[in-house]
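One structure is given below, encoded as structure tokens.
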Amino acid sequence: MAHAHTDHSAPAILAEVKPVAFPRATLVEKNRSFSWVTEKICGIIEGPTPRWWWIAFAVSGFLASFTVAGIIYLVSTGVGVWGHANPVNWAWDIVNFVFWIGIGHAGTLISAILCLLRQKWRTSINRAAEAMTIFAVVCAAIFPVFHVGRVWFAVLPGYLFPFPNANAIWPNFRSPLEWDVFAVSTYGTVSVLFWYIGLIPDLAILRDRFYRAGDKIRSALYGFFAMGWRGSNRHWSNYEMAYLVLAGISTPLVLSVHTIVSFDFAVSLLPGWHTTIFPPYFVAGAIFSGFGMVLTLMLPLRAIFRLEDLITQYHIDCMCKIILATGTIVGYAYGMEFFIAWYGSNPYEGFAFINRAFGHYAWAYWIMITCNVVTPQFFWFKRIRRNIGLVWILSIFVNVGMWFERFVIIVTSLARDFLPSSWGYYSPSAVEIFTFFGTFGVFGVLFLLFIRFLPIMPMAEIKAVMPQADVHGGHDKH
Amino acid sequence: MSNLFPKSANKLPLQILIFIGLTTGIVLAGVTYYATPKYTRVGYAPTQPVPFSHALHAGQLGMDCRYCHSNVEKSGHSNVPTAQTCMNCHNQIKTDSPLLAPVRESYASGNPVPWLRLHQAPDYVYFNHSVHVARGVSCVSCHGQINEMDVVHHAKPLSMGWCLECHRDPAKFVRDPKLVTNLDWKHPGGDAGQLEQGKKFVHDWNIQPPQSCSGCHR
Amino acid sequence: MSTHVATISPASGGSAAGSTRSVSAAANKALVLGLVGLAATGLGVVLSGKAAAFSYLTGLVFWVAVSLGALFLIMIHHVFDAGWSTVLRRQYENWITCLPWLGLLFAPLLISAVIAPGLIWKWTDPAYDLSQVGGHGTVAQDVLWVKKSGLLSTLTLIIASFVGFGGWTLISSRLRAHSVAQDNDGDIAHTHANRFWTAVGLPFTALSMTLCVILWVKALDYHWYSTMFGVWFFAGAIRSALSLGVILMVWLWSRGDYKGILNNNHMHSIGMLMFAFTVFWAYITFSQYFLIYMANIPEETFWYSLREINKDGVFNTWGYVGMFLLFGHFVAPFLTLIHYPVKLSKTWLPRVGAFIATVVLVDMTYNVMPSLKNSAGDAYPFLSLNLLWIATSVVGVGGVCVWAYLNSFAKTKLIPIRDPRIVESLTYHE
Amino acid sequence: MAATFYGLMARFDTAPEIYHAAQQVRDAGYKNWDCITPFPVHGLDGAMGLRRSNVPKFSLLGGLTGFTTGMSMIWFTGAFDYPLIVGGKPYFSPLFAFPISYELTILFTAFATIAGMFILNWLPQHYHPVLKSKEILRGLDDAFYVVIEARDPKFDLNRAKALLSQAGAKEISELEA
């Protein structure tokens, strides 16, 4: 306690220090041992495939086939199969893109920003959240790539990435869509690398365990990707530094990605799109929706795999509070947009916002407001944060709300732009709807494969924040 | 496990890395070389319904290009001659040649000869022959030495990068418009002479070939 | 409650009593300095009118930023249940006692809006002749003012300022009172009460601050608009408050009070925050500039053009200030704070803090002063007499703030001794 | 094939134990030795006398390369090789070149950091004497090891064994290369 520090040089005030008891939550409950952690997490991979997994996998696979079918139909027929028409030439594809990219942000946020902020509670959720990021980026990338219709133009050298080509031209680097190409591909790459680097020590554990169990094939498979990791502290030293640097660069990266996504809209002149608060507002929204998705995924996992000691009530509290904070920031931005639309006195701008709230798409607007601004306010109350079922339902509301936010921003502004003669109303086609809902299947398939074959929590990191990991034994003086 | 991985396994990652690097390099190089009009289009020489020889007509006989492709100076589209044009001569010479049967048939029926088209700009490219010809871009610049071809083949890639070579620096190519159909003409002063005269033409005629997207993709 | 503490405080040791006396002497000096500065600024208003009034606004808004930043940091501490910053929190709690005084010092500006409308905010005088500043007609004839007249009026200005300062005073006094009361009774209820006030205070302060700075600063050029403005002000406020925190911590350490309390980890953490908010400020400011640049809409770009070139196309001195902000506000602190040793150095970190605070002041100046235009509609050059009045205002208002801080400092414990996180903070290691 | 002797491997059961053992081995002046731990033990770097990692130098180099690449690429393509007016913007401006240069800075930093980590650690190294030991089968679960290599100039089998057992090793085994 404090008395240990009251040596001769310390000021008298320290003698008076007598804190009132208000203990902090522990990160791993029930005082578990290191091997308990290893057994618990590896056990999920080593055990037999549970029946629910097969069922979930089949359902996800079926759902994913919608996306595959939708895409095949799109490529073979043309982009006309989507519901786009003047003036809304861009709707669900970009909505879904921004939605999925936003979902991905919580993963990087948990891994990187919380790592920098030394928020140790990140350890039990960061692996799954990072996986979620990668799969979300995959789902996001489907839409911009396929919305061009002739999809080979999106991948041929020279069209999106600068590469000497027969047309002798270069991509237009003044376009925010081109910035998106770089931002999203950088984001995907760095997320995968960050995730993989985190996996290396755990893959080494699996390598050794499968070898011990006599399963040489799986041992070799995990062993190949473990890169010969042997837990050397000389390695840990470089590894931790590399991890910290990656966290350090992922933080500005994750901010920049949604910032650049917001530039897609904000650099234009369209009423409702051009507003300077878009960058932080999009980032806050992305984190908001990302944490919504983390809760949506982790709460069932926690129940199924009995991870209550690793994902504790404290973790859930923290995530709820982040949702509350970012939801409120998003609410502030909604208010600011509305206010400045009036204050700026641009009639088009003013109309755009009135139209959002009371026009043809008002239903979408009020779903957005309800889910994004009202829903998180419930998390002020401890009783609600402790009700896991309710938290789960509210987290789904958050996801829905954020999808509608993008819909509102994109479609209302396009459907009612400057000239009343070119106003329109957009409805999605069946192909679009199926393609979008199918991406949840794609995501599900990838996530189920992840939880079946890879450690869902970083064992090494969890061990490092357990009380036994303290070299001073928790009582020894420095 | 080391028992699982022999000592030689330590070299494996480097080998894989080199392999991936080489493969990527080869694929990229391949795409750059093969997936271009220069590779896919140059040399295309289909068999035409009538074995018309440009080498004979334009080369040996010295007929002007514009005798047959009569609209090239006036229209955006350079026409393929009708059977009437052919029959101007061929009602007197080789009137019975079986090779000319499709021409006579066309002349009688009014249905065009089904020539196969070689040089075709995509629909999204706006190309105007008259503008080019009027400002001294010779036929040879785009179609090659047609006057030496028995069977016409695609001589230049007609890719966008290729168009831009001239649009960026027309002085290397423009000549006196009187000489555009003289496919054998080279500037007597060589490259330097061409450049000097070309610069003068570019200046005098205010040639400003567009390089913006909308110049061709309208 | 505070009087109760004051009676205990001297009993805690002879040296404490001695330092209390020297603190109150210093407080008196600060007050005298402040009053001199205010008097000089008052003289300036008599001498150069508008220019000095604008400068006074700059200086005052700067200290409001510092103090609101301190208030935000206290609330952020509570909302995150932060541990390490507990030792520093008390200094911020002392500092925010200046908020009511800042409100009082703001009153002259409100009075000026009533008795001399148009002195600072053109729109407080609908008959203001815009041709004086390169425009046409009067404010009342300006359609952009007519549209906004519901907000841009003397009445709303006064109401908003009252609500702002009133609310901030209430919240800050509750936060401070509960914290101080806990020193005596050690009741956990105070911690809960502070969380309650934080939950109320954060949204309220965010909204009221945004509204107030829009009226006070942004509406100086009421044609211009940017949704980012409130966030920009918040970034500056937090940065200057962090700088204040470092300076206070190291000052207390060098005085001996914080010996054995302040350790390297505290320095490193606050250094990291300074670094983070340097990046945050850059992010906000870059985004605002970038979006306006890319969209290139005249109603927005004129605000930056004014600060770069005159109407005749000549580059003006504000352009250099803008470049200075890019390098001084971002590049220099970024490159300095990225170094690990700087964040631990008790010599360097306060210097960096002082530098950042100065640049925040320059940033405020950059936002306020070019709105003072000549008849051609160009901004007065940066290097002018105005700078003198800014200096006197900063000293004047700052003196009063320091006086308020030192007064409170003398009355409270050095650190919140019964706070539930105090031991965690004292033994803090990363 | 005669197995050559690689070094000694000593097991410890808790984090504090290995921390103190590492301090003793460090103070005994060994150079070629290592600790094998299931997770990065906080403070062990200091106990082993390791210097701060050099990975950030790689990162810095990568970042600078990335930013330069981005800026020069956009200048080359937009202002030099194919100048084209788009949206009334200049051919080149650091402003609109910034987002992509920024992303490339991060991308190249990430590559350089990871490459740096692998190079400095001399990984991947799927074959290693430590991995050959039976001990390692549980090693990355909850046990801690000190490994002293035979090639260390100060190495002496008996003295090293004595040092390790004095440091509290639970079990000492010999490793073959």
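The letters A, B, C and D name the chains in turn, as written, and every chain counts its residues from 1.
We adopt the following convention: a contact is a pair of C-beta atoms (placed from the backbone, for glycine too) under 8 Å apart; a residue touches a chain by one contact, two chains touch by 3 or more.
Remember, it's a predicted structure, so these values are computed and weren't measured experimentally.
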Pair exhibiting more inter-chain C-beta contacts, A-C or A-B: A-C
Distance from chain C to chain B - Cα centre to Cα centre, in angstrom: 70
Chain A and chain C: spacing of chain centres that average the CA atoms, whole Å: 35
Whole-Å gap between the CA centroids of chain A and chain B: 52
Chain C and chain D: spacing of chain centres that average the CA atoms, whole Å: 44
Residues of chain B touching at least two other chains: 1, 3, 5, 10, 13, 164
Multi-partner residues of chain C (each touching 2 or more other chains): 290, 294
In chain D, residues with contacts to at least two other chains: 82, 84, 96, 124-128, 131, 136
Chain pairs that touch, as defined at the top of this document: A-B, A-C, A-D, B-D, C-D
Interfacial residue positions of chain D with respect to chain C in the complex: 88, 95-96, 98
Chain B contact footprint on chain D (complex, rising order): 82-85, 124-129, 131-132, 136
Residue ranges of chain D in contact with chain A within the complex: 14-16, 18-19, 22, 34-45, 47-48, 50, 52-56, 59, 63, 73-74, 77-78, 81-82, 84, 86-87, 89, 96-97, 99-100, 102-104, 106-107, 109-111, 113-114, 116-118, 120-121, 123-128, 130-131, 136-142
Residue ranges of chain C in contact with chain A within the complex: 12-13, 15-16, 79, 81, 83, 143-144, 147-148, 151, 182, 186-188, 191, 199, 203, 206-207, 210, 214, 225-228, 230-231, 256-261, 272, 279, 283-284, 287-288, 290-292, 294-295, 297, 299, 413-415, 417-424, 426-427, 430
List of chain B residues in touch with chain D within their complex: 1-3, 5-10, 12-13, 164, 211-213
